[in-house]
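As written, the chains take the letters A, B, C and D, and residue 1 is the first residue of each chain.
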Amino acid sequence: MLSTVTMKSYSLAEVAQHNTRSSCWVVIHNKVYNVTDFLPEHPGGAQIILKYAGKDATGVYDPIHPPDALEKNLPMEKHLGPLNDDAAGAEALAQESRPRTKDELRVEAALKQRLPLHRILSLTDMEDEAKKVLSHKAWSYYSSASDDEITKIENAKAFSRFFFKPRVMRPVSRCDPSTTILGYKSRIPVFVSGAALAKLGHPLGEENITRGVASAPLIQMVSSNASLSYEQIISVASPNQVLFFQLYKHADNSIAEKRVREIERLGYKAIFLTVDAVVPGNRERDIKSPWVLEDAERRSTDAPRSSEDIERDEEEGNTFGTAGALIVNDDRDMTWETTIPWLRSLTKLPIVVKGIQCVEDAILAANAGVDGILLSNHGGRQLEYSLPPLEVLYQIRRRSPQVFDKLEVYIDGGIQRGTDIMKALCLGAKAVGLGRPFLYAQSAYGAAGVAKITRILERELITAMQLAGAVSVSDLTPELVERVDWQPTIRSRL
Amino acid sequence: MLSTVTMKSYSLAEVAQHNTRSSCWVVIHNKVYNVTDFLPEHPGGAQIILKYAGKDATGVYDPIHPPDALEKNLPMEKHLGPLNDDAAGAEALAQESRPRTKDELRVEAALKQRLPLHRILSLTDMEDEAKKVLSHKAWSYYSSASDDEITKIENAKAFSRFFFKPRVMRPVSRCDPSTTILGYKSRIPVFVSGAALAKLGHPLGEENITRGVASAPLIQMVSSNASLSYEQIISVASPNQVLFFQLYKHADNSIAEKRVREIERLGYKAIFLTVDAVVPGNRERDIKSPWVLEDAERRSTDAPRSSEDIERDEEEGNTFGTAGALIVNDDRDMTWETTIPWLRSLTKLPIVVKGIQCVEDAILAANAGVDGILLSNHGGRQLEYSLPPLEVLYQIRRRSPQVFDKLEVYIDGGIQRGTDIMKALCLGAKAVGLGRPFLYAQSAYGAAGVAKITRILERELITAMQLAGAVSVSDLTPELVERVDWQPTIRSRL
Amino acid sequence: MLSTVTMKSYSLAEVAQHNTRSSCWVVIHNKVYNVTDFLPEHPGGAQIILKYAGKDATGVYDPIHPPDALEKNLPMEKHLGPLNDDAAGAEALAQESRPRTKDELRVEAALKQRLPLHRILSLTDMEDEAKKVLSHKAWSYYSSASDDEITKIENAKAFSRFFFKPRVMRPVSRCDPSTTILGYKSRIPVFVSGAALAKLGHPLGEENITRGVASAPLIQMVSSNASLSYEQIISVASPNQVLFFQLYKHADNSIAEKRVREIERLGYKAIFLTVDAVVPGNRERDIKSPWVLEDAERRSTDAPRSSEDIERDEEEGNTFGTAGALIVNDDRDMTWETTIPWLRSLTKLPIVVKGIQCVEDAILAANAGVDGILLSNHGGRQLEYSLPPLEVLYQIRRRSPQVFDKLEVYIDGGIQRGTDIMKALCLGAKAVGLGRPFLYAQSAYGAAGVAKITRILERELITAMQLAGAVSVSDLTPELVERVDWQPTIRSRL
Amino acid sequence: MLSTVTMKSYSLAEVAQHNTRSSCWVVIHNKVYNVTDFLPEHPGGAQIILKYAGKDATGVYDPIHPPDALEKNLPMEKHLGPLNDDAAGAEALAQESRPRTKDELRVEAALKQRLPLHRILSLTDMEDEAKKVLSHKAWSYYSSASDDEITKIENAKAFSRFFFKPRVMRPVSRCDPSTTILGYKSRIPVFVSGAALAKLGHPLGEENITRGVASAPLIQMVSSNASLSYEQIISVASPNQVLFFQLYKHADNSIAEKRVREIERLGYKAIFLTVDAVVPGNRERDIKSPWVLEDAERRSTDAPRSSEDIERDEEEGNTFGTAGALIVNDDRDMTWETTIPWLRSLTKLPIVVKGIQCVEDAILAANAGVDGILLSNHGGRQLEYSLPPLEVLYQIRRRSPQVFDKLEVYIDGGIQRGTDIMKALCLGAKAVGLGRPFLYAQSAYGAAGVAKITRILERELITAMQLAGAVSVSDLTPELVERVDWQPTIRSRL
């Protein structure tokens, strides 16, 4: 408190002088920061910061950083102080009078034309609405996947190969789809799988999800890369609400330890250790997103480029898109022998390995004594042509069903319908995770949207269970499903 | 008779005052009914009635209720009496001068442009014509299926995987495709599978079907949810015409018993107990149908909605669409052990279980001693991803062919062609049911349309049999078909 | 000669009076015929003749009847005599001044825009050109197939499932693809499979084919339903050219015998007995073809029809389209036991059974001692969902290869490329038949077109053989092909 | 040198008189050549030369002939001498004022609109850019394949059937994808597969590739049909850069020997003997390319052709397109017994057989003692329906893995992504070849484009390896991949 008294305030002109790699200041929320020394450490690369050297960077900073990012990463002596009043006013004015881009105008109009929520009947309806109101950047980040996005499609398509053998003449008037996940009650066998950067889609970000799943309740897994602080998120949870934490382990064990201790202290109930994202996937649509916008704004009268300009390859520091930057410092050398014992030694929280992609690793995980595994290929965002999680689940069922006795098995990727959930449970999954659908729902309708899709999934699952002759998750056995040998029609909006 | 003399008549103003949940009157065919107490019991939910509280509801009531619905469900003391002459006149005038919706205008024009019947060569041609003349609501109800409508498509696609090994050099000039179903003669191995609400498509409703199949004859299965009374329908049948009854069993055994006794008394010859619809399927296209119409009428100048309006989720009592309402009171706790014996104890009529979807239940049905099973997933309108009936039939043939010796096996779902019928019979079906095609045919051309498609099916089946070297249904054996291991081209209008 | 002297000549007015079923005259090439008694016997039904009762019918008669049809079928006393000169002149004038239909105008224009022949590189190119210059009626008759035309597509698609295992480092500079068929030399293992009504596509009809294949030479199989007389066709053949005959056996053995004796006398070298067309296939596109044209000519101001007109089903005598009529009198009761011995007793010509569609019948044919079988489902024009001939060939290869030792095996259906021919030969076929491609070629370019596609096929086959390491048909063994277990891309213009 | 002094120079009028088959002169780069005697020997046929008889042919000669072609093929006495100054000036002027074709104008505009190189993220992006800037002729030659181009598509599609079973919890921070090919170091297991006529796409031709891969380095295989001389190409290589040679063996052993000795002398390090192109494939799109351009230029007022013109089939000497001409004199009678020993006797260079297409020939190659085999069907440009190389590789892995111990196995065809490379290596390939992508890259951006795609492939491969838990090529084992039994989605731009 006292320190602020002594703080100098800055004019825009002063700030503007520090616009080089050797002296780089930026303004965020009317505060001036000296980020010169931080440039080489910035996970997103120096380039993106230098674009705003000597200027206000609030607009690009906000949606992808939790508010405590600066505190955590920038030494206090680099927090130079506030803009002076003139500067702040000028900045506000500039911001206000800034002409809107075509994309911003599109989003503004779309927000007014959203369907009333009661017309949203399915997760696909929700995605359709979200697509309309999301900025191109957010849509690209949320919806994109690796390379040609085959894996993302195949994740969903895998469900179409499993048909039901429904049983009739069984009493189903009382049907309860609830279950437990790591011992915690869940209204339906569904949880929110870690999905980063919710603020890209809605100003309230991950809070929407926390509030939206409260009434069910469903369990929310919060990503290390959330756009709110872990504390902010859990602080809006209702008293008995359970949150898990998706850990991206920092390469530096001491930094990683700090994060584990923090989330344990905050009350998160389990750790999902992410193992399928040691390097960033090649999400081309995400990387191309700024160019698409640039082209949209470009005047057709712009002069053609010279051959030299065209052929000079300006490789930028960060070609990973929004996503890649987030994991630049993560541990790429984890092993079963070292990482799991290290984590066990730090915390009593249950440990789930997130990102198992074959039977062999499922067995190794069981042997390593973890509490659960999440069969996942990161929604198709990491290794292109990784087997669909449902196929891995099916292979475990056929070749190593003992795995199901040793730990809880979850899957995520491609789930859109109650029948998808039921298929996964029939094959042995304890619960399924959904990521993108929750991001879409909160983007389009905030917490109300999140609550809506939990109700949709519950309704769809109950209907499916009753029509299959099942009244509880224990009735969902492998005998109810059959993998067919033909190529079924796939959903038109897959 | 005498009672009508004493009946009071009502003015429109009087009726209009009873427009709330606490006092709700409606006018139907110029008669006034007090439905206040009935609101909570209405299978379609109170909401839909309240929309017409204090008003004339004939237009929406008629196409989906049999004329005896009010007698059966509303105590006589709630039948308040007729409108007075002024009111009736005013109502008639209002009705007449009511502006037509775009959809009504479209249908009116289409009715004049129908192809002459002799140009209809196939069931697909018939469906094409029906689509043109059906109201959007009727088309949505008839054609829609669950979720993403995959199952409906797969039902039909399953036939494409079975090819023929036709035999040549067999005498085929005399070919007779007739058979018996539960001992009753049928000109071809085809029956009308229960399909509700024929009046949605044509003012004469189910009568069209009864009259249309009379000359063949084919057997008609009448749904519990017919839009004419069971008596009306059977009363137009010719003397030797056979009708079956599709029973939706009421949760209250005594009500269910009343229905069984009624249909037995009326002369229906068999009971098809529906077991695949204990809860309504999620027919999104049907549910969305009113919104589509609403959007079509909406002026583009309508004010945008506020964010609050948009995010408030007005879940209505009935989100099941036209269909769901029909089965709200049905028995969800039927079992092999209780339900079949109960039904046997009530009636000597043959019992067929409609909605068997796997081999295991086919065996249970055989053990339960029923007379037949109808392999069906309700035309894809109930559990999405239920195996196609033809695949279930094929599995019975391969794994449990003894079932065919114990009871008659029928299938429905996806049948469009004579070759489809022949495939099912080759695999062991005694007969096949068609639902939608008969609804389409009566909608487009009344009874003449129904008769037309029976002739089409007969012609196609005879041609197929002769070209395969078969002259009677007993020649249709498994050796004539082969399930292929590639993905055949599917009909373009599937 | 003398008789013509005494013949009366007729005025148009006289003819016009005989325009009823009880007295029906028609004019063909300025001659008057009394066809009253013939009406019930006309294979195409009475209806189509009555449309021209009292009028000139040359235009519709010509393209689908050989010139000797009237001599063969109408007693000489019904040949009433010529039109008088005035009538003939008036008729010619009327014909000339008749306004052209839209379809005729389209064809006229297209004929002038054909690609020069040297630009035709493949059979698909040829089909594309033919489609442009064929009348709608001819295109419909040639290209159509049964029901939804799945079988036609699958016939061709079957070839896509067989890939080559080409051998390298084999001397291939000398490659000779010639073979023998029933002992007769053929430049490539290809023959013209019976295809009727060539005059529909080109005024010279089947002659184009005979002349076009002369130089190769290839063997032409002439259909019983050719649009020229069998004598006309063989009379244009070059001295050593070989023609086979496709026999549709008349139900009346004595009529059938007459035909066999005629073709033997004319010098045809083998009989292909058609067994897959005992009843007409359901070629909807062909049947609909006149309605399509009618609709195209119809003025949009035409009055809407009344509901009664629409719903009255005017089933016409012939709903078989152009094709069905041709086989109305054929023998539907042929058997291995009676028909083959009967035919053997009549002729020493080799007998080939055309239309074998499964392994079982291939074996029966071998046992019956015929000289060859043509695996064929009539180009998909008869039983829809008959197995593709190539699959039947493959099954014979796998399950009953001894068949290949007992008789010659040919296939037709779906062949478009030299690689297709090579696949069939690798699997055991002695030769392959093509039908539609020859009809298309003669329609677009006459005999030159026919010669062109023989050269294309020869070039493609030689290229394929050389690239596979083969230099003669005896090198084409099963080891060179592999049936793949995935779904290959299919030709875009399949 | 002295000889040039005595040389006569020519006027255009003089040259123009020699415009017939009996005396045919052409001008190339202002020099006059008498090619009369050469006409019958020209691999591309006489026809194409005669089109330029008495004229300047530089424009069509340049892009498809190496500069030394005339020296090598035309006796010095036929090099008549230079144009005189007037003629050269007139020629230059004519060239300059020649109106550009629509296609040339399109290319000119496209060159100015190319994306800056840093926006090219994938090989598909590169192909998209190349397609824009390539002349129609070049695009047709580069991208076309045989017949219906099924094989080309299937080559790529084969990769989609192999999915990964990625391993997690393995240290991957240090990942090195380098390998050796025939003992020579390669930065990634990729080489430039022989691809002819680079000058068609870019004036610097194959030099672009040599320079572009220098820094990686990757190994370039230079085609016998390169559009620069073998000496020119290798002369721009950096000191330690390795080049291989793709030998099309001339039918005349002495000519073939001369070529082998030349490339050995020039410093090429290995010989890839092409065995899958003994006759030209049927590349229809390439053959049609000039007609497409002709049609584009044609005025709509051009007179229709007469029927005779249309039906006269002007078969030209060369119907092989750009490609076919190149191999007209190649040896079509190579055998394992004669050709390999002959080549071994000539040179100590490693010998690789390029174009193996089945397991059987892989075994024969191993037995013949060659150093490597390239599984290839010539990018789908030779025998249509040749099995995809990846499938052949998979069959060797399953049925004859001992082959991998005896020689190095490479594959080419359809590779677009780092994951494709990884799949091939997992199944046993030592390295993979890419052809078209390098042609596209040099066409669009010259050497910079080539360097760009090597960086893209390296980045993609490293990412894929790390995400699969692999850090060196020796970690890439069959256990990491699985051939799936469903039909995966294929890349939209396949």
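Throughout what follows, a residue touches a chain if its C-beta (ideal position, glycine included) is under 8 Å from a C-beta of that chain, and two chains touch if they have at least 3 such contacts.
The UniProt protein names, listed by chain, are A, B, C, D = L-lactate dehydrogenase (cytochrome).
The structure presented is a predicted model; accordingly, all values stated were derived computationally and were not measured.
Ranking all chains by how far their C-alpha centres lie from the centre of subunit D, first place goes to B. Under half of the residue numbers at the interface between copies subunit B and subunit C are found on both sides, making the touching surfaces mostly different. Here the CA centre of subunit A is 63 Å from the CA centre of subunit C. Centre-to-centre spacing of subunit A and subunit D amounts to 45 Å, using the average Cα coordinate of each chain. In subunit D, 485, 487 are the positions where the chain touches two or more neighbouring chains simultaneously.
In the complex of the two chains, the subunit A residues touching subunit D come out as 147-148, 150, 153-154, 157, 161, 275-276, 278-282, 284, 287-288, 291, 304-305, 307, 309-316, 319, 332-336, 339, 353, 355-361, 364, 377, 382-387, 391, 485, 487. Chain contact summary for the complex, subunit D toward subunit A: residues 111-119, 121-122, 160, 162-173, 417, 419, 423, 445-446, 448-449, 451-452, 455, 459-460, 463-464, 466-468, 479, 482, 484-492.
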